[in-house]
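First the structure, then my questions, so here it is.
Letters A, B and C mark the chains in the order given here, with residues in each chain numbered from 1 onward.
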Amino acid sequence: MTTQLAPDGRLRHLLTLDGLPREQLVALLDRAQAFADGEAGRSLAGTAVCTLFFEPSTRTRLSFQRAMQRLGADVLNFDASTSSTSKGETALDTLKNIEAMGVRGFVVRHSVDGGVAELAAAAAPGTALVNAGDGRSAHPTQGLLDMLTLRQARGTDFSALTVLVVGDIRHSRVARSDLQALRTLGVGTIRACGPAALLPDDATLAGCEVSQDFDAALEGVDAVMMLRLQRERMAEGLVSSLDDYHRDYGLTVGRLRRAAPDAVVMHPGPMNRGVEIDSDVADGPRSLVLRQVANGVAVRMAVLEALLA
Amino acid sequence: MTTQLAPDGRLRHLLTLDGLPREQLVALLDRAQAFADGEAGRSLAGTAVCTLFFEPSTRTRLSFQRAMQRLGADVLNFDASTSSTSKGETALDTLKNIEAMGVRGFVVRHSVDGGVAELAAAAAPGTALVNAGDGRSAHPTQGLLDMLTLRQARGTDFSALTVLVVGDIRHSRVARSDLQALRTLGVGTIRACGPAALLPDDATLAGCEVSQDFDAALEGVDAVMMLRLQRERMAEGLVSSLDDYHRDYGLTVGRLRRAAPDAVVMHPGPMNRGVEIDSDVADGPRSLVLRQVANGVAVRMAVLEALLA
Amino acid sequence: MTTQLAPDGRLRHLLTLDGLPREQLVALLDRAQAFADGEAGRSLAGTAVCTLFFEPSTRTRLSFQRAMQRLGADVLNFDASTSSTSKGETALDTLKNIEAMGVRGFVVRHSVDGGVAELAAAAAPGTALVNAGDGRSAHPTQGLLDMLTLRQARGTDFSALTVLVVGDIRHSRVARSDLQALRTLGVGTIRACGPAALLPDDATLAGCEVSQDFDAALEGVDAVMMLRLQRERMAEGLVSSLDDYHRDYGLTVGRLRRAAPDAVVMHPGPMNRGVEIDSDVADGPRSLVLRQVANGVAVRMAVLEALLA
């Protein structure tokens, strides 16, 4: 398996938060905090970085682009839908070609689990890849920005916290990266909640208190991390209806009262308002949703700088 | 209703030319003239500006991008057709998200009347929006560039001029912005001409001499502002055929002889050659069509600078 | 016919390698070599260059974009598929409009033979066009990058070389540009090989040894330039099957033994692995495929600088 760490322990690619040493994770958060506080950074001036998305995502792409711009990088974009991949070229040939153009960094989204790691394994020595989401496996920069947001809100003593992850954990790369990071940072109590059909395997839930009862799971938590419900879960028969889902797993103002008085609410976006989260909560005083987005740029700056500067 | 002026009278957004004070309009034209004359400007270095188009438009987007580049801004592009809006995210959530990424300026095109103003009403205090066209309501930078072009050709004494706007005024945001600006600048005589089915309500035509007879309306005018005929007007039964439209409302070299000897011809593009305008006119010595395009970049630089610098 | 040379002999546009004087071709290769060796160049700072693709091509577009970035140019992109051309605007109106925005350089891909030259004929005096591929006619920067790659591998004495071009020469703009450049540089022996249905007219093959027998044609060659087989040739009945094509014209490790011991292999990409070329060859020690891609950026820098700096 591709490792994202070089033999000397330095971060070469960012593929997953699974196994990323705590001190490296914290160092990335610290550097991201500096960027969030306004540090200018132009450390990638003259360096070309390419977004390489085999699955569409406007928001993640824009966030990475803004990070590249603030670092002074030259931004290139590869849109797989209008590309030579439709002429039968493989993703690997695409990567090797753009690499040959002198591009040193790639931000890659892939629909297949491990698709980004497979490309990283074939990259040239000087090339660095950032996983911007692969299949259901990992979305490490989302995990990092969630941790930065949590740390800003609740301080650095993670051992005292109870954090709840709610929703379609089974199909969520965001949930996997979040759970890995929460464990690495030593969060005191991690809870996971969702309907049985949307809960993942046991390994994913290692160390979690697992429940299908949202009301019970919410009791006294310090942070609620909501997940997006993909509408295709209905077609697959995993969820009976949006109304039922909202009744059982939708975060409402009333329900949020079960959490700790100063509990915060997070969501990776885009939100299904009225399904997994009500607008009163999403736009309310406990919501950190836009702070998460802001931190996304800072975290991506820290990652790109660590890999490429 | 959202106002585009801050309490101190400063321009905060540019949403419409309706009600924009004459001195502010003239100040924008003066600054645009400096940019048209080659002034460098780099006043937006490090500032991120995002095009946010919920309706496609390559030319307007390119013109704004070129303006941003000349000002040194970091350019981001959001293409609604491949975006999270297809996942059900609202335009407002999209705006608030990109705003959270540290983007201070937005150039927004929207298919709905008032769609841009609605977004502006929800923007954060430091954010500025430029309306790049909303529904049939307004296209203020087109209005400004038309005024700059007219002023370059005929001088600053607008009171002496007779200007004719021709075509599908009813469905045209360009016509609305042009008519508002012509009134604000005190043009002596404003004429409006088109088939009855394509004439708008009386408020839009306030102060205009209205006619359905193109030949009569052309007599002695100093400037003819043609409008694009959308082909869907045929399907809607508002226009019988392109041939009929050309016969009655197409600008030909012969017809143009009715105008003043030094009359100028304008068109916002893209032109339907042989429908509303003949190539002999569009490419002829009286045509300012490409000058309009050139002025578009200068006007957009002036607007972005006024809002963001 | 549009000439790409100004009356004083200077290169004004790059439309074709047909008739480009040898000394100009060599000067472009020399300058490209300097860029390939790492020369920084920022000679187009503040200059706007627009990619104008009426036919999709991600890789060529990215290569030009990277060249523009290294030269410090402001990059604009026009995507014909979402543009006003769908509103009936002509390619010429599109060019003239973007030109009016202050854009001085255009990189144009067109589906029609001579489509780029036609636009160049109508361009303003200060505007320069680069043909990024038109119909089956020409792809001059590909021809240049192939020559640079060949020169790096085999030195500057082209008269001693035997070079073989293989495949669908009839429909290939790459082959036409390559053959023209090989002749201009005085390559000793030029061979052309492919099935009868994919061989072009005699003028294209002037000076070539023509064969339908790939094995025989490979004997002792110093360089093999493979061409991509478009899959639509099957539907057109020009090729019976991919398997048959591979049997007769696919480059395998075994077949390559017929060439000179140090023969090099080139392919413009994207490759149909297992059809015209086996992966063992494409990724093998004789392959210059990625070197070609790297040289593409350097060659395009040299061309853009020569036209615009």
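Convention: a residue touches a chain if its C-beta (ideal position, glycine included) is under 8 Å from a C-beta of that chain, and two chains touch if they have at least 3 such contacts.
Molecules present, by chain and UniProt name: A, B, C = Aspartate carbamoyltransferase.
Only a predicted model underlies this, so the values are computations on that prediction, with no experimental measurement involved.
Student: Give me the step distance from chain A to chain C, shortest route via touching chains only.
Tutor: 1
Student: Roughly how big is the turn, in degrees to the nearest 5, that lines up chain B with chain C by CA atoms?
Tutor: Rounded to the nearest 5 degrees, it is 120.
Student: Same residues or different residues: which describes how chain A and chain B meet, taking over half shared numbers as same?
Tutor: Under half shared, hence different.
Student: As a quick test, compute the distance in whole Å between the mean CA positions of chain A and chain B.
Tutor: Each chain reduced to its C-alpha mean, chain A and chain B end up 41 Å apart.
Student: I need the residues of chain C touching at least two other chains; which ones are they?
Tutor: Chain C, residues with two or more chain partners: 79.
Student: Under the definition above, what is the set of chain A residues touching chain C in their complex?
Tutor: Touch list, chain A to chain C: 48, 50, 74, 76, 78-79, 82-84, 87-90, 93-94, 96-103.
Student: Hey, which residues of chain C end up touching chain A in the complex?
Tutor: Touching chain A: residues 56-59, 62-63, 65-66, 69-70, 79, 81, 231, 269-273, 290-291, 293-294, 296-297 of chain C.
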